[in-house]
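Each chain gets a letter, A, B, C and D, in the order it is written, and its residues are counted from 1.
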Amino acid sequence: MKDLFAVIMLSGIYGLLSASFFVSMDAVDVAFTEASVGAGISTLLMLVAITMTGRTENPSRHKPLLALAVVIVTGSLLIYGTLDMPYFGSAQAPIHQHVAPRYINDSMQEVGVPNIVTSVLASYRAFDTFGEVVVIFTAGMGVLALLSAVRRPRDVAEIDSFNKSMYEEHLILRIVAKMLIPFILLFALYVQFHGDYGPGGGFQAGVIFAAAIILYAMLFGMNTARRVINQSFIQLFAAIGVLLYGSVGVISLLNGKNFLDYSILSADPIAGQHLGILLIELGVGFTVASVMVIIFFNFAGRRNNQQNKENNDSC
Amino acid sequence: MNISSVLLLLIGSFLCISGGVGILRFPDFYTRMHAVGVTETLATAMILIGLMLQNPDGLVVVKLMIILLMTLFISPTASHALASAAVHNNLMPELDNKEDNKKVKSSNP
Amino acid sequence: MLIAATIAILVVMIMAIVRGIMGPTLYDRILAVNMFGTKTVLLISLLGFVMGRPEFLDIAIVYALINFISVIGVLHYSDASIFKRSDQQKK
Amino acid sequence: MLMGLYNYWIVVVLMMVGFYIVIAHGNLIKKIVGLSIFQTSVFIFYISMAKVEGGTAPILAEGIRQYSNPLPHVLILTAIVVGIATTALGLALAVRIKEAYGSIEEEDIQKKDNLDC
């Protein structure tokens, strides 16, 4: 397909489909994340990107036969490799023999959180998750370094007149969005703090929170959104998230336990674990939400600048 | 209780399928939009109410109610936005309604 | 009964995908994605009941919200001037 | 007997589709879409390994004996969010390349590079 727009719409459908697949495979937390990321944010980012890079693909001049041959050979080798794999759904597979039983049987006594995914994510493998958060933070900084443009401050009057002309156009959308956005923010907080008991947690809540802000920015204009949420403020927030996560680890280190071992945070080890998980999820949520907002603001701001430049050129 | 739930689920599935046939078979964008927009809300409501009757205890019903409310808000709004965007991009304003429609059909075969 | 409704929704999803692939205009594709999204909300709430753990309706709520956001976003960015210009050039 | 392996075959097919898009298409945005398909196939691989016959979601509740394996869920959950962050980075690079070269087709970019030399 040569029309990139169609490609992106179909990849959005693909994201929705894979999320319902995750639900049917019992991975509710993963489905939650894929729902908020794959279906919403990634489709949007790709769309913004193609509005900047052009919508059609040139027909390629070289023959795809070589590529096809490589793909078929690799694929058949991989399929040959699967012949020794354990069968789908068998409980005897090696993956279910080593650490998983311990997580399933002991996590209630050791961590005291019903959602095993949260307890593994935030307690048993907290160091790993710390690495992931740093990767996300770094990617956000990378986008910032690549795309941030010096913004010419526009006149407030101009913004207001622009807003008025937009207001007539999307009246119904704006009213519905005004009713929905507080609900979405509230729901994000629910996901953040209910992550111990049901599907949810910092990653999902951060993405949902960012989605609400993105909705606001799309309907009410970038400049209004920037006045509500300052760019440097949100950069500070991203850093605070990572620091919060790290400092929880350092505190437990200073108190004579291992890095990110929360039992020390309170007199009762279980309560300490609860406190630690809460703080860590909060740090993750801060970082993810602010990095997503940073990414979107920079893409959209870049696009606005380009359009302004083109308009000036054509005039 | 159970019979009514089964009935509602059946009606919901039927409406869903009719919407699906509509989106496949109808000739142009606006009729497809009509088929989907009309059946979608009602079918969702039917299926969700059917599910509510299946499991009438506290939290589940509340969550289903929230989903239903969201759908009632969101689905017509999205349809409205989609239709108005389509009209906005395909047509010159200040035309008579019938001529508008003809023009839409000729530009979207 | 739940299974039957699930199968019906799966069939409708396939129809939506077909329209998304065929879709002659851009708006047909957006319509297909929107319809697919609402059907996914239904499918997930049904699956929760089929698997006997209906506590997981949160995911369906997220879907309903995110679907709305993505449709609005797609419309916002497909209304962009670059697309209009390319359409005019084609004409 | 071999039917028990079908989940791996689906993964392999998806992975190869993504791989083919990455190597056969010259458009950078399309390459990124291909990469994300490849990525999703890996997610599906992990999640389908975690499924246990008769198990349910790993959230402890009364009266449930068999849970699916929670560990791959954790790995994939973080991988999805990291994936979107890196995809955004890739898109940002594509946008910058478009600004610098005026095109995001691989062949055009190479031609321009050769002219400069």
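Assume a residue touches a chain if its C-beta (ideal position, glycine included) is under 8 Å from a C-beta of that chain, and two chains touch if they have at least 3 such contacts.
Note that the structure is a prediction, hence the values are computed from the model and not measured.
**Student:** Which chain pair racks up the highest number of C-beta contacts?
**Tutor:** Chain pair with the maximum contact count: A-D.
**Student:** Rounded to a whole Å, what is the gap between the Cα centroids of chain A and chain B?
**Tutor:** 29
**Student:** Need the CA-centroid distance for the pair chain C / chain D, whole Å please.
**Tutor:** Centre separation, chain C to chain D: 21 Å.
**Student:** Please compute the C-alpha centroid of chain A, do the same for chain D, then give the distance between them in whole Å.
**Tutor:** Once rounded, the distance between the two centres reads 15 Å.
**Student:** Per the centroid of Cα atoms for each chain, what is the distance between chain B and chain D, given in Å?
**Tutor:** A distance of 32 Å separates the two centres.
**Student:** Scan chain A for residues touching two or more other chains and write them down.
**Tutor:** 26, 28, 54, 173, 180, 198-199
**Student:** Counting only residues that touch at least 2 other chains, which ones in chain B make the list?
**Tutor:** Residue numbers touching two or more other chains: 74, 77, 81.
**Student:** Would you please write down the residue numbers of chain D that are in contact with two or more other chains?
**Tutor:** 56-57, 59, 61, in rising order.
**Student:** On the basis of the stated criterion, which chains touch which? Give every pair.
**Tutor:** Pairs satisfying the touch definition: A-B, A-C, A-D, B-C, C-D.
**Student:** Within the complex, which stretch of chain C touches chain B?
**Tutor:** Checking each residue of chain C against chain B gives 1-2, 4-5, 8-9, 11-12, 15-16, 18-19, 24-25, 27-28, 30-32, 34-35, 38-39, 41-42, 45-46, 49, 54-55, 57-58, 60-61, 64-65, 67-68, 71-72, 75, 78-79, 84, 87.
**Student:** Show me the residue ranges of chain C that touch chain D in the complex, using the header's touch definition.
**Tutor:** 51-53, 55-56
**Student:** Provide the residue numbers of chain A that touch chain D in the complex, in ascending order.
**Tutor:** Against chain D, chain A makes touches at 4, 7-8, 11, 14-15, 18, 21-22, 25-30, 33-34, 37-38, 41-42, 45-46, 49-50, 52-54, 57-58, 60-61, 64, 67-68, 70-72, 74-75, 78-79, 82-83, 85, 87-91, 93, 95-96, 99-100, 103-104, 107-108, 114-117, 120-121, 125, 128-129, 132, 135-136, 139-140, 142-143, 146-147, 197-199, 201, 203, 207, 288, 291-292, 295, 298-299, 302.
**Student:** Which residues of chain A touch chain B once you look at their complex with the stated criterion?
**Tutor:** So the residues of chain A touching chain B come out as 170, 172-173, 176, 179-180.
**Student:** Applying the document's contact rule, which stretches of chain C touch chain A when the two form their complex?
**Tutor:** Listed in rising order, the residues of chain C that touch chain A are 13, 16-17, 20-21, 23, 26, 29-30, 32-33, 36-37, 40, 43-44, 47-48, 51, 55-56, 58-59, 61-63, 65-70, 72-74, 76-78, 80-83, 86.
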